[in-house]
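What follows is a set of structures to go through.
In what comes next, chain A is part of two complexes: it sits with chain B in the first one and with chain C in the second one.
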Partner chain A sequence: MAFVNLQNVTYQYPLTKTPALQNINLQINEGEFVAIVGPNGAGKSTLCYALAGFVPHFFKGEISGTIEVADKESSKSTLDEWVLNVGLAFQNPFNQISGAKYTVFEEIAFGLENIGVPREEMKSRVEDAMALTGIRDLADRSPYSLSGGQQQRVALTSILVMQPRLLVLDEPTSQMDPIGTREVFGTIRKMAEDGMTVVLVEHKMEWIAQFADRVVALKDGSVLLEGKPNEVLTSTLLAENGFGISRYTSTAREGKKQGLWKKENLPVTLDEAVEGFKHNA
Partner chain B sequence: MHERLSFHIKRDSLIHRLNPLTKLALVLALVVVAFTAPWYWTPHILLLLAIIPLSMLGRVFPEFFKTATRLILPAATFLFLMQAFFQPIGEDVIFKFYFLDITQESLMFAFRNAMRVFVMVSTFTLFLLTTHPSELMSDLTRRGLPGQFAYVIISTLQILPQMQAKAQTIIAAQRSRGLDTESTFLKRAGSVLPLVGPLVFGSLVEVEERAIAIEARGFTSKHAKTSLHEIPDLASDKFIRWVLLALVILSIAANLWLS
Partner chain C sequence: MKIEITNLHFTYPTGLEALKGISLTIESGEQVAIVGQNGAGKTTLVRHFNGLLQPASGSVLIGDWDTKKTSVAKLASRVGYVFQNPDEQLFSRDVLTEVAFGPRNLGYSKEKIDELVKRALSLTELSNQTETNPYDLSPTWRKMVALASIIAMDTPIVIFDEPTTGQDAVNVARIANVIAELRKEGKTVITITHDIDFCAENFERVIALFKGQVLLDGSAREVLGQEEVLAQTYVDPPQLTRLGKRLGLKETVRNQEEFLKALES
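And now, the complex of A and B:
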């Protein structure tokens, strides 16, 4: 059976009239890197919260269907047990800083202190995690003195250090520069290859095409499309439903109308676009 | 912008190396003794022969002196004047100002009370200067203080300066849209309102996100917590705490005995 298994999940936040998630069915294998795309209000963050146990344990509200990760069912588990398997990092880095720690090193160790990891093991795990995300030089800085992009790296590291089996990331690179984004995506990709399952919400289509194994497109709380990145991201359905589209895809689509793009498939990344237009010449 | 709200000065000294609980015990003991010892000069002697030497031993005397005078002198002076004028004791009037008179007794009384307050605040200052707040909290947590309580204290210390900075940002943003913050008092008072909304509601939203973030890092885990830093608690620490306890008991006993 799949490592992550969502069956007919429908969820409604308290005091709202329409469900945020409607009849979601999703299976993800261990070590798979799945990207989630969708316009604002499509339910991407809610899906992240559902995977991480915060829906319904933290937000309450009405839920039906089953959410299973690593053969455990969310509704039969408690949040403090659930977070041992599933790590969550989200967009706003400032609010992810615990506020209880004075240095980045202590900040990253915070989660390990909470779950009772012995001191020596804690130190080496924090060192390793910081090396992985390239923030070793920040170890003694105050987390509040960092830039947004650096704080996002700290937030990501604080979750990675807990070694979750499923890593849920809700736009973890929104405040990073392109070089930082590439590095972080590379790190996440490597974690997935080492067996960590990754679910990532992201707007940067070019990155998804390069790094993800599969893409799930959400619209109004339901799954609109699902499949290989290049198939999903170049689908006309996405353009018609208000999704963000890679500029290379739009260019090639326009080129196709004008007879300038002769390949069957549309590109998502710059390299694919260059390749395709060369093919014509 | 302040990075954090803390008096702590990182230095290596005998006082810095004491266990935080020992230092806390020292503060409490000095305060209790200053208030309960029946001898008139106790607080003065404590200040001169205990607190000031301790601040030198802790290698923070300049900072201690600066903070202590700035923090306490105005309050202690005010207290002194109020008590000197309004304490209706004694016969021997030294000084008269309309209906207010100062007697020798009220002067002595006011001097001692001002000194007691001085001892209280200055020992606490010394404690804050030589103790890192997170060290104190992890030591107390290890001794059974609930983690949530420690978290509230530390995060408040850290988040207040952040909120201050955010208030500045909001004011700047409002001013750039024409909010008047520099004219008459009434207008300025009115201009506080548009600040309160974003600051308060923004903070409420933040609290929810922060709760999720720390929950995701096992904050409510039922495992026994561990601590990154080892905080030494030596035999000498325990000895000092016993001595302090004995002093407190003696002082209270003397107070009851002699009064």
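And now, the complex of A and C:
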């Protein structure tokens, strides 16, 4: 059976009139890297919360259907059991940082402390995780003295250090500089190749196409499209439904009308765009 | 209103030297994007424009006002600053009160306040949300409330700190539209951004910061074409600029129109 298995999941937050998720069916294999795309309000963060157990355990509300990760069912587990398998990096790092720690090093160790990891192991895991995300030089700074992008790296690191089997990332690079973003994507890809299952919400289509195995497009709480990155990200359905698309895709689509793009498939990445346009240049 | 920055240095109480001698002039009505690596000093720099931070040495002039000798409250009539995180900025019970707060504090007449608020709400497409509590809105729309509440102050200089973070394509277009409207009115717009395609499509001048200093400063075309120099501060050129380079186009192209035109010729 799939490592992550969502069956007919419908969920409504308390005091709201419409469901945030509607009849979601999603199966993800262990070690798969799945990207979730969609306009604001499509249910992307809610889906992250559902995978991480916050929906419904923390947010309450009405849920139906089943959510399973690593053969455990969410509704039959408690949140403190669930966090041993699943880690979530929040969209806004300000909301994730504990506020209880004076240094970045301690902040990253916070989760490990809570699950009772021995001191020496904790130290080496924190060191390794900081090296992985390139923030060793921030170790002694206060988490609150950091820039937005640096804070986001700390938030990501404090999840990676937990070594979850399912890593859920809600726009982990939204405040990062462009080359830093690319590096983080490379790191996440490597974790997936080492067997970690990754679900990532992201607006940066170029990098999704390059790094993810599969893309799920959400709209109004439902799955609109699902498939290989290039197929989903070049679909006309996306442009028509307010999804962001890569400049390479939109430019090739326009170029096709003018006879400048002759291939049938549209590009999402730089290499694909070079390949299709090079005969004209 | 001209901004003149002369040999600006700033060090945080922790000892971190965030700005190491910045000199810049921004003319009235310019549209400037500030780019650069996380921790390069972008936010630290713009927080000097409205007096939230004070130079350790050097000076910042907003028109004829020296920020060292002018209160933040007074500077607020010349410089509006939209925070990176709207949750650090919003506090009122409803959208209308929030958006009217700034112009009210600036002491405008009631008629002028009404007019400014109405316009700001219409520009940000919030006209039908006046009674909503900002915290009942999604983060996307909270961001628009933060924008509206600064625009309503009608300051000659408006600063946006990463306005497109976490926004979808539709809302990025909305924000671009707000910036275009402010340009038409002759306002100076300064935007910090990591969204380099957004930067290429909406700004004429680009300043790249690197470890507290100015690395590049010039027209978007000049700055965004310099791939190797930008890489020092962890910035990639825009997608279509990179594509043009790879295809060996002579001109640096910034957007779809320029790219397709260069390809045809």
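Following the convention adopted for this analysis, the second predicted complex is superposed on the first by the 278 of 281 C-alpha atoms of A that agree within 3 Å, B and C clash if a C-alpha of one lies under 4 Å from a C-alpha of the other, contacts with A are read in each partner's own complex, and residues count from 1 in each chain.
Throughout what follows, contacts are C-beta pairs under 8 Å (C-beta built on N, C-alpha and C of every residue); 3 or more make two chains touch, one makes a residue touch a chain.
Note that the coordinates shown come from a computational prediction; the quantities given were computed from them, not determined experimentally.
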{"item": "Touching partner for A:N92 - first (chain B), second (chain C), both, neither", "value": "both"}
{"item": "First (chain B), second (chain C), both or neither touched by A:F110", "value": "first"}
{"item": "First, second, both or neither for A:M1, with chain B first and chain C second", "value": "neither"}
{"item": "Partner chain(s) touched by A:D80 [first = chain B, second = chain C, both, neither]", "value": "first"}
{"item": "First, second, both or neither for A:M162, with chain B first and chain C second", "value": "first"}
{"item": "First, second, both or neither for A:S142, with chain B first and chain C second", "value": "both"}
{"item": "Chain B/chain C common contact set on chain A", "value": "92, 94, 142, 145"}
{"item": "Residues on chain B engaged by chain A in the complex (per definition of touch)", "value": "3-4, 132, 134, 147, 150-151, 154-155, 158-159, 161-162, 206, 209-230"}
{"item": "Residues of chain A that touch chain C when the two form their complex", "value": "38-41, 91-92, 94, 141-142, 145-150, 153, 171, 174-182, 203, 206, 242-248, 250-251, 254-255, 258, 260, 270, 273-274, 277-278, 280-281"}
{"item": "Complex contacts: residues of chain A adjacent to chain B", "value": "49, 52, 54, 58, 79-80, 83-84, 87-90, 92, 94-102, 105-106, 109-119, 122-123, 142, 144-145, 155, 158-159, 162"}
{"item": "Chain C residues touching chain A - in the complex, by the definition given at the top", "value": "12, 14, 16, 36-40, 42-43, 84-85, 87, 138-140, 162, 165-172, 194, 196-197, 231, 233-236, 238-240, 242-243, 246-249, 256, 259-260, 263-264"}
